[in-house]
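The structure appears right after this line, and notes come after that.
As written, the chain order gives the labels A, B and C, with residue 1 at the start of each chain.
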Amino acid sequence: MDNSLNWREKIITRFIKVSGYSAIIFVGLIFYFLLREGLPTLGEVQFNSLFATRWYPIEDYFGILPLIGGSLIVTIGATLIAVPFGVGAAIYISEIAPRWMREILKPLVEVLGGLPSVVLGFLGILILSPYLRVFLDLPTGLTALAGSLLLGGIAIPTVVSVAEDALDAVPKSYRDAALALGATEWQTIWRVTLPAARSGVLTAVMLGIGRAIGETMTVMMVTGNAPVMPGGLGALFEPARTMTATIAAEMGEVANGSVHYHVLFFIGIVLFLISLIVNVTASAVVFRQHKRQERILS
Amino acid sequence: MIKATSTSTTRYTTQRIGFGLLTAMTLFTVLPILAVVIYILVLGTPAINGEFISGFPREGMRAGGIWPAIVGTFYLTLGTAIFAVPLGIGAAIYLSEYAPENRWTRLIRIAIINLAGIPSVVYGLFGLGLFVLFLQFGTSILAGSLTLSIMTLPVIISTTEEALRAVPQAFRTVSISLGATKWQTIRRIVLPQALPGTLTGVILGLERAAGETAPILFTVAAFFLPRLPASPLDATMALPYHLFVISTQVPGMPVKIQYGTALVLLAFVLGMNFIATTIRSRARARRQW
Amino acid sequence: MNKISIENLTLHYSDGTESLRNITMGIPANQITVLFGPAGGGKSSLLRILNRLNDLADVTYLNGRVLLDEEDILSPKIDVINLRRRVGMVFARPVVLPMSIRQNLTYGLEVAGMKDRYRLDEAVERSLQQAALWNEVQDRLDDPAIALSGGQQQRLCLARVLALEPEVILLDEPTSGLDPISTGKVEESLQELKKTYTIVLVPHSVQQAARTADFAAFFLQGELIEYAANKILFTNPENQKTEDYVEGRFG
């Protein structure tokens, strides 16, 4: 082999290796820049006023609890929709639907995953919220509920595709064995297939929740943007303001390096840590499952 | 015997009800998607004409066209491709062909899963902190494309890796045994075979980038900029941000223009989705192994 | 004259499967040397060491020397790529690369940097002739190789190795998936090829071992039990285990 080829191969291999590690570098960079811009908050705002219930930056009230509460209430609502519908659809697609139906449904769910969230927010403003206002007799339709409904829709594709993969991975022999023992297909699904896929389904649920917490544009457009501390489930029918929406709505108007700017980055740190926890837990489940499979195989 | 029959009848009734319920749930999930697409198609089509597509916005965006936003989204998608495609494919090759099974590789995988899960607005913050301010690219196509490409990376990496892994191991062994180097094997055998899957992954990733708003809010997007960007260091309008602006920030906006903009954005995104899925299904039908 | 000398070769895999224990043997030039024995005995491992394909596997321990023309091929200094061109390998399952018949044959030469069309065409015809496949495929060299029958594919794999004009050809149960007629064709080619090449074969049955071997080595659980010329080993083996295996009492 001539030398120039050898030399080229070395460079390419180096590039490939660097790309391989790039994901770690980027996660590190993201965390670093969030800390760099967000940590000064702790020196500028007292801990007590940061974790207080009043968010009114113009008068230097930087209590982030109502924002966390807003994210929480919207996400709970979205989860209540996305989990049953997502898992149900996954079961239907993987276990019940005839082949041709599956070929139609899977791309459709993918399309839902690809719909830009700003389009959903736009339709939320124009169609969903007026409808909610009239139907539920509310002062405004731009509420946490509107956000939950749309976020549920946004989280569903994640839940469906991950849960469907998990169900698909259950060996056919499990089902055959159950059917051979006289179980109906319905019983097989509930007592054999779903339990066997439970860790994957759990991962699906977690990733769906992660997707809902992180969603920005839709919630910003339809939840009414009122940073009010939610009192209970009744808050679903009132306007709310999530962490993501706060950053998106206010970052454009703050001066770089101001207290407000630092606090918005601090909220970014909170969001980053939440997604880190959700995803590391989810991937730990996946890895454990892999290990178990390997043990069975060897 | 008779007893067994009767219980099995109730069992099958349960099954029928259960199946019906699941079918209904699936329809509830899927039908709204069709409704959304059709609704926007019907209400948006009347807005579409030559001036709307190729004209500049006038009268505070309440009239005229959305050409700068279309061009901006095109440039952003292109810029994202320039950065994310080589890096993403490189990373996928590393994971599929080079990476040993060890702690570092697991760490890479966890990092990729995390990148996929980071909220898009946090990418916006990161892009603002690193590209706009620290590297002083300003609010520009360059800063936005870089931000979007990091966000797109996990999609490209995971679909490409899957495509590479699907290429039978035996091809690699044969190629090596014929005296090919590792890179020659990848370049001449593995990559060509994985090309359709890779393309699908790349397009799906770029589709996400094209439709996102939050990461470009503070890194590129111009509220109203009635000229085309002249360099990568220019700010630009973009379709998703434009739709956000005209549906929340501009009072008295004609609904027709809003739906028209939504339709163009949707066509852009779903067009890419369609291309990606077509490539995938064609390649599956034609595959020799 | 030995083409290859194996000296005190020991090998372990990390998963504890098939391994080799202190193997010493010489492989004579221009002869067919057969490595046979029950599955898991180490034959394939030995074969894969001869062109360093074991580099791809998870080897935890490797000791000893393997000399090809007096040069230790296990040495880290050796040019492995060049070694694989000198020592070609045909696998049990015919794996044609997903390209045309012609491209399959020129692949090895092209990755070695040869661009001369005329010489490539020449190599295609010569190698197909040697593998007794030329008459069947000469009119459709640009068809996808996957369209060939199983027997033709395996002869294409043999031709693909021959195109590189190696010095040694390794064959790992090359006829295990083939019908008797195709098997006969491959065995016939081998007898012709040994005039030019040194051949090491792992056969798919004792019968094939006896039919084709000039020299035969019996492997059992990683050990070389007996190594002798065909006549001796299959008619009058020294070792009881060899005799039992050859006569079909186990395996």
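Note that a contact is a pair of C-beta atoms (placed from the backbone, for glycine too) under 8 Å apart; a residue touches a chain by one contact, two chains touch by 3 or more.
Computed from a prediction, not measured in an experiment: that's the story for all the values here.
For subunit A, the chain whose average C-alpha position is most distant is C. With centres taken as mean CA coordinates, the chain nearest to the overall protein centre is B. A separation of 54 Å divides the Cα centre of subunit A from that of subunit C. Annotation: 48 Å between the Cα-based centres of subunit B and subunit C.
With centres taken as mean Cα positions, subunit B sits 16 Å from subunit A.
Residue positions of subunit A touching 2 or more other chains, listed in rising order: 1, 5. Residue positions of subunit B touching 2 or more other chains: 181, 184. In subunit C, the residues that reach two or more other chains under the touch definition are 81-82, 112.
Partner subunit C is touched in their complex by these residues of subunit B: 168, 170-171, 173-181, 184, 188-189, 192-193, 288-289.
Interface of subunit C with subunit B (complex): residues 51, 53, 56, 81-82, 84-85, 88-89, 91, 93, 95, 97-98, 107-108, 111-112, 144, 146, 157, 160-161, 164. Chain contact summary for the complex, subunit B toward subunit A: residues 8, 11-12, 14-15, 18-19, 21-23, 25-26, 28-30, 32-34, 36-37, 39-40, 86-91, 93-95, 97-99, 104, 106-126, 128-130, 133-134, 150, 153-154, 157, 181-184, 204, 207-208, 210-214, 217-218, 240-241, 243-244, 247-248, 255, 258, 262, 265-266, 269-270, 273, 277.
Across the complex, subunit A meets subunit B through its residues 1, 5, 9, 12-13, 15-24, 26-27, 29-30, 33-34, 36-37, 84-86, 88-89, 91-93, 96-97, 105, 107-112, 114-123, 125-127, 153, 156, 160, 184-187, 189, 207, 210-211, 213-217, 221, 244, 247-248, 251-252, 256, 264-265, 268, 271-272, 275-276, 278-280, 282-283, 287.
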